[in-house]
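Note that chain A is present in both complexes that follow, paired respectively with chain B and with chain C.
Entry: the complex of A and B
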């Protein structure tokens, strides 16, 4: 399966009478977009705003971040099974508005939604401060359930991203990158001397605000399975969750999965990147046992020599992470796990909720309990008062001068466990 | 600005007093620089100066620990230093223990920053790495130049009271305090590099060594449950509606204690969860699902248990550091014992 990603670089975003991409600028017709989004009967109001790198802007509570993409050729469309009809994606050509993103915000659904600061200290911790963001602010109707509320916001984000992505359909990309996965048999023949490497991608699936969808299937109802890496680049996996903001894998992360990109860089030279094993993080012990049995069984069946395992969330999923690691190592397959830490505000506590000696190769995205003070911003998009109750905040997080004292937990994408960032700890 | 005053602690060997035959050498205070101090002093340039050196034989120190410690500390204190450097001891075991002991005592008793250096396998490293910054050195004095290069800037930072970065950045042995910093490569690239090294059988360093887990033995079964006083304690975040104590949804800094003296059932609208780590819909609809007051009241009525304790304790487990959880648990346990509680049902989520 071969996919070309055509990157159209976006360096500015503005509102205008016509939605279009011109000279690296993304123009958005506000009214057209809003009227399309208001078709959802669960929503009371929708407004849109713009947040650019370096601006004195704070967005909170952030639900999801999505990169605009469009399928130019090849089967299916972006977000199959959720927005587009179910058809296997991951081949042909996909154009990407690189440097732009859709960010969704509005009334908080739960406790786990995050903060994106476009400048200052907070901006250093979130990768989304470097993007030209179109922020969608959605307020739900009063009577709807938290489930309907979450779903409505999820769909608004995806629809907006597809709307913007479509503007890149006829544009000649600035750069094209090609990714190809060959069959198991071809791989063995073509790279006989290279270690066979897989990627075990753990998907959050603990319930409301903790779900992930694969081709529209709620991952908590799926057995562990395999997928082509390029399918993710076309939106086969989308986020329906906000674990803690810092270690939630947004849809943007799934589209730009850093482990997949790094494995492709060494594919054919230092290793043979075979495929991705996707597994869930359910709450029941039986599910944990079954899913980790399956991930190790598939790794063995695929004849892998090594795997990278990435996690989403913390605490309860630490047990899934360690089970996966332990069972795969027991098959004689080498592992590296990517996680983050909850070592307390002073860094002196035990970092994970589970451990095993076989987890001897760990990459960490940093200590999420570290406290940071984020200075006041000129403009707030969303509802800033929620920082007192979100995960990572506390009573008094929001100070009178508008500055915020929070743990890194509250910053969207800060300690990402796919290894998206440079933040780490020792 | 005047220079920081530094006192240097070394053993008989590095002071050129003698080898093993002079290991009983008693503490001596010498003005100025001796032996390896020359390299440190050169490194300090205009910022600091070794004003005195304390020399002590390794056997004397270890065999007369308390006396020697006091003698050395008095000598150091008499020089009124701003900073103390011990060693480095490399792989010399008794010297390492002496350096660690002196440095730890300087920090604790004199409230003056201190720094030492040793090889990771020196027994002094394990004994003192959580109390003192110990720069990781080679296993012999051939590593002096490298050690000085790392110790000088770290010593100056400690003397100035500047922020100490992570062990990897500063070069000290990991001391159990996790410190965040930005790596040069992103995590995914580091992961792939580490996997390639692991597959090729090449050395690699894990970024987080697995901790030793504190496993708790379950308590013995109750002999007479029908007359036992049972308490409910939860990390599932059940609190009276409105979360009066503002227990955090994650990384809880406290726990709550709430009376259920006249409560037979936790109902929607009166209780809720403060926990931010699981789907709260079902526990908000019926908080008994997390804190089973209703069932225990029935058991109480039926005589299956003696009595349900009048109070329940609640905190949020989500992202809460183990150290904090331990602290809350020991406080709660003390109160429960004082209240004559025989057993606890702990519910988690």
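Entry: the complex of A and C
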């Protein structure tokens, strides 16, 4: 399976009378987009705003971040099973508006975190401060349930990203990157001397604001399975919005999974990147046993020599992480796990809620309990008053001058467990 | 059996074997630990949800109804959950500044839209718990 990603670099975003991409600038017709989004009967109002790198802008509470893409050739369309019809994606050409993103914001429940600062200290902790963001602010109709609200917000984000992505359909990309995977049999024949490496991608699947969808399927209802890495680049996996901002994998992360990109770079020279195994993080302990049995069984069946495991979230998923690690190592397959830490404000407490001696190769995305003070911003998009009740905030988090004192866990993508951000430890 | 301090879970599962706890998440964990020592096994993860133990007032956990011999894995799981309560309470700024803020007294103090945050916490705990046991 071969996928070409055509990167169209976006260096500015502006509102204009016509939605288009011209000279690295993304122009958005606000009214056209809003009227399309308001077709959703669950929404009372929709407004859009722009947030650019370096501006004195704070966006909160952030629900999802999505990169605009369009399928130029090859089977299927972006976000199969959710927006597009179910068809296997991951081949042909996909154009990407690189440097732009859709950010959705909304208060689904009262304790919503997720902060993106576009400048200052906070901007250093989130990769999304470097993007030209189109922010969508939705207010639901009064009577709708949190479940309907979450779904409406999820669909608004995806629809907006597809709307913007479509603007890149006829544009010649600035750069093209090619990703090619071959069958298991061809891989064995072509790279007999290289270690066979797989990637176990753990997906949040606990419930409201903790869900992930694969080709439209709620992952908590799926057995562990395998997926071609290029399918993710076409939006086969999407986020069901967030509770844990620092280590929730947004849809942007799934589209740009850094583990997959790094494995492709080394494919055919240092290692043979065989495939991605996707598994869930359910609350019922029997589900955990079943899912980790299956991930280790698939790793063995695929004849893997090494596996990288990334998790999403804290607490309950730590148990899945350790189960996956322990059972895969027991098959004689080496593992490296990627996680983040809740090690207390001074970093001295135990980092994970579970542990095992077989988890002896660990990469951390940083300490989510680290305290930061984010200076006041000139403009707030969203609802800043939630800061006192968010995870990572407390009574008095929001100061009179508009600055806020929070733990890193309140910042979107700060300690990402795919290793997307810059924090780590040695 | 279900051990919970969440009235939404209590009311929904009123015909089941359920023990309602008047207290916070730590109290729920302590009672679960007592039942584990009596031979009950834990069926749903005590640290469900991404909201940390000190950041949510509610928790619901399912255990086996019939006691058997002590399940060491269950004991380890609930002890780890209690250790995590301590960690967040004593060594995180949220824990130090928000200590006991999620108690009943706080709920009584809040008015207007802010009060609904407790209903939201109940809803999230309920949905995580309901999803967990839907397949049983």
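To be clear about the criterion, the second predicted complex is superposed on the first by the 418 of 426 C-alpha atoms of A that agree within 3 Å, B and C clash if a C-alpha of one lies under 4 Å from a C-alpha of the other, contacts with A are read in each partner's own complex, and residues count from 1 in each chain.
The criterion applied here is as follows: contacts are C-beta pairs under 8 Å (C-beta built on N, C-alpha and C of every residue); 3 or more make two chains touch, one makes a residue touch a chain.
The structure presented is a predicted model; accordingly, all values stated were derived computationally and were not measured.
**Student:** Do chain B and chain C fit side by side on chain A in the superposed arrangement, or is it a clash?
**Tutor:** Once both complexes are aligned on chain A, chain B and chain C clash.
**Student:** What is the contact status of A:248 with respect to chain B (first) and chain C (second): first, second, both, or neither?
**Tutor:** Once the two structures are laid over each other on A, A:248 reaches chain C alone.
**Student:** For A:195, decide between first (touching chain B), second (touching chain C), both and neither.
**Tutor:** Touch partner of A:195: chain B, not chain C.
**Student:** After superposition on the shared chain, which partner residues are touched by A:137: those of chain B (first), chain C (second), both, or neither?
**Tutor:** neither
**Student:** Should A:316 be classified as contacting the first partner (chain B), the second (chain C), both, or neither?
**Tutor:** The answer is both, since A:316 touches chain B and chain C.
**Student:** Check whether chain B or chain C contacts more residues of chain A in the superposed model.
**Tutor:** Counting residues of chain A touched by each partner, the higher count goes to B.
**Student:** With the two complexes superposed on chain A, say which partner A:346 touches: chain B (first), chain C (second), both, or neither.
**Tutor:** both
**Student:** Once chain A of both complexes is superposed, is A:425 in touch with chain B (first), chain C (second), both, or neither?
**Tutor:** It touches chain B, and chain C stays clear.
**Student:** Who does A:363 touch here: chain B (first), chain C (second), both, or neither?
**Tutor:** First partner only, chain B.
**Student:** Name the contact category of A:287: first (chain B only), second (chain C only), both, or neither.
**Tutor:** second
**Student:** If you stack the two complexes on chain A, which partner ends up touching A:334: first (chain B), second (chain C), both, or neither?
**Tutor:** A:334 contacts chain B only, not chain C.
**Student:** Which one hits chain C, of these parts of chain B: 130-138, 166-174 or 238-246?
**Tutor:** Once both complexes are placed on chain A, chain B clashes with chain C in 238-246.
**Student:** Taking the two structures together, which residues of chain A meet both chain B and chain C?
**Tutor:** On chain A, the overlap between the chain B and chain C contacts is residues 110-111, 146-147, 206-210, 243-244, 283, 314-316, 342, 344-346, 348-350, 369, 389, 391-395, 407.
**Student:** Considering the complex alone, what residue numbers of chain A touch chain B?
**Tutor:** Touch list, chain A to chain B: 110-112, 145-147, 195, 197, 206-210, 243-244, 258-259, 261-263, 265-266, 270-271, 283, 305-308, 314-316, 334-336, 338-339, 341-352, 355-357, 359-370, 388-395, 407-409, 416-426.
**Student:** Residues of chain C touching chain A in their complex?
**Tutor:** Against chain A, chain C makes touches at 42-45, 47-52, 55, 77, 80-81, 83-84, 87-88, 90-94, 97-98, 101, 113-114, 116-117, 120-121, 123-124, 127-133, 135-136.
**Student:** What part of chain A is in contact with chain C in the complex they form?
**Tutor:** Listed in rising order, the residues of chain A that touch chain C are 109-111, 146-147, 204, 206-210, 220, 243-244, 247-248, 282-288, 313-316, 318-319, 342, 344-346, 348-350, 353-354, 369, 371, 389, 391-396, 405, 407.
**Student:** Tell me, which parts of chain B touch chain A in their complex?
**Tutor:** 166-169, 174, 176-192, 194-196, 198-199, 204, 206-211, 213-214, 246, 248-251, 253, 275-281, 317-324
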